[in-house]
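To keep things simple, chains are lettered A, B, C, D, E and F as they appear, and every chain counts its residues starting from 1.
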């Protein structure tokens, strides 16, 4: 299977905003590899394995083909991308501050292995939805059903009740 | 007493910038409820109870009427706002990055309970004054008297000397 | 009729984004005066009189009460606001560049007559809709029906065909 | 020839920044169609025909394959894109203000025909190079040889001397 | 007289914001040359000669020494700077959009003659004051006395009454 | 030795971006004092003493004269600056978010001791290089030789292998 683009992130958990990016990215690139990146400076709510599984299940439920879900446990994303023969890293963005935050890493990634990064804007209805905000609201008992699939919402609420 | 607008924040401690927002907000909305929000991810210098008291005393000293001071210990701000029949959340902003930071929460709050958030710009002379910067300067022995009322400055210096 | 807030703009023509701001503003302030401002540096597609009429008709169709529609032909907006006893100028904003553009005028307006300006964020679905972009698309034959009411769309298409 | 992506712009004239975007875009998408867009509100220095020719010659000189150069004289870009079966519009960006400026059009273009827009960052060395700045400097007699190919620089200097 | 820094601009007319930059710049650099730049794309209210005279008079009234006032009628600013042996171009900035606007020119100026540009922030009280906004307000009859010296305000009002 | 400007920062470790700012700043101000600031909220990779030494060695290797390297262990930067008779604080900036972050501190520093802060833009090739990003990449085994001098790169790699 030819992978043109990789879509890296934490996905802790995957939101409808991520899903919107994925659907549209498949339309553009044909094949996408979602890469769940382990960030040693954060304490995720779901383990990398769980997140890979949650994304895979979401893709089945949403009937999206052409997407592989992988995990990057350690090492540089660009080395991982090269091993996959990926030509481009795809990042969604909601606001300019997303771009500001991602741009230096994108330039460094080009320096390291000539891989390019392209930025795909959020659909407006998901332009303010992030995993961290969704978790914050859910922790306080707020209804987050419009930002997540049913399965993911269930998993999130269960995890937070522990 | 009819409360049209709530003005939430940490107020750790209240600055002259906050006071400027409050004075002007009373002129616009008639009644305001200041809501001291407990942020479980931060270690405040003053307890919520202390902050409520400091704000109340400041309002008396500044002869500002039409403001209640309340505390939100847990739960969603929007539920608290609904219980008060508040129609709008008021946020002051100093720069675009304040807006960037607050906007996603504002959109989520509308989704949750249809409450709106409006943004009131700082007066220019307070456009760079934040509680955290004031505390940082005071900790290093700097004079912060132009950013705080006399009482609050005294309370801050005493607390930092402990 | 007590007017708390004025909502100034060009409204050339009124979009669903403006209408969304108006509906929500009435919920917050009770009474709103829309002020069609004549900008001598621009050549509007519709005359001020036509725009006043188009907004009034839109409000009837959308069943929004509590809004007056006025025209400012010349002079300072703040003098007009004072004559109406308005306490606040309301501006909608779609992005930070809207704030950047409006903020200096807001500060000057406070200097001139102590009137405040508050900023209400667009609903996400209208966060990219402006009269000028709608006109640009319509001129090229694009379908702009999702950004305007039926009546306004009809008026726009007719005007552009002249 | 399958065209996945279109790269629209004024290209008045094409700079090394544009050329950098093109080279990298071919690496990502395989096939690109450059579209010279006629903007009725601007007075270009070079006619659309001249610009098409200048881009074509530049591509030959730079030995870049997989790029067609087309002209959009009137009508919507998205209709043109659909006729080419393009799946995506590519925009280079130098700064956040480029994104701010382009994003509303990108959202409208998705509404009109479901075509997506992706944003590719400038290489740092071209992050401040625009056709308009290059023309402004050249008009005042400044050396612009590091921003243009030799042929384009020659054409620009000759045109400005007229 | 040794000129370390030049401070270019339109100064149509000079505001208290410009004057604040000048005072502080003299404290930093010792010697400053104000350069009134002719912009062929704008129709200034005051001629270059008038603006040079207005700035000179303002400096006398404000008792600021160490400043020369010059006029750049044509040609590149960097060539003018080199003839003065200036090491640096000074730009005041009020907001990030000022920086965004000036930065590409600053990078090009370094390319052309290795001259650097440094940015000095406005004092907060002048952070929203621009010549164009002051003129706009004065045209509509607004009081602009807090943004200009007495002499400049008088000159502006007289010119606008013509 | 007369010190006109101080250039404060963490320098953990010094990058080629810092070195570029230093070289250009010496050209503008003649004398510069680099000030290694101890931030009690961060855990630096190198101690303040080590960083002072690394910067000093880098300046020798790069043959840059006119720079002293000092350490601020505690207290306010502005008091330190006054003791040095410095007239200005110099900050490099890569993007607008750097300015946003630094501006409030700059305004407070002027309030405290009338010292000014000027901002010098990064050279484009270093506009995305920060100590923290370089460390992050080096930790994952990435090649950071284009962002650091040879000596600093060696020191960084050795330290991370511990």
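Couple of notes before you dig in:
Note that in this section contacts are C-beta pairs under 8 Å (C-beta built on N, C-alpha and C of every residue); 3 or more make two chains touch, one makes a residue touch a chain.
None of the values given here were measured: they were computed from a predicted structure.
Chain centre most remote from that of chain E: A (centre = mean of CA atoms). Taking each chain's centre as the mean of its C-alpha atoms, the one that lies farthest from the centre of chain C is F.
Under half of the residue numbers found at the chain A and chain B interface occur in both copies, marking it as a different-residue contact.
Separating the CA-averaged centres of chain E and chain F is a span of 30 Å. In terms of their C-alpha centroids, the spacing between chain B and chain E amounts to 38 Å. With centres set at the average Cα position, the gap from chain C to chain D is 35 Å. Annotation for chain F: residues 96-97, 100, 103, 107, 124, 127-128 touch two or more other chains.
Contacts between chains, counted with the stated touch criterion, involve the pairs A-B, A-C, A-D, A-F, B-C, B-E, B-F, C-D, C-E, D-E, D-F, E-F. By the touch rule above, chain E contacts chain B in their complex via residues 96, 124-125, 127-128. Residues of chain B touching chain F in their complex: 94-97, 127-130, 133, 137, 140-143, 146.
Taken in their complex, chain D has these residues touching chain A: 4, 24, 27-28, 87-88, 90, 93, 96, 99-100, 103, 106-107, 110, 116-121, 123-124. Residues of chain E that touch chain D in their complex: 74-76, 78, 97, 100, 103-105, 107-108, 111-112.
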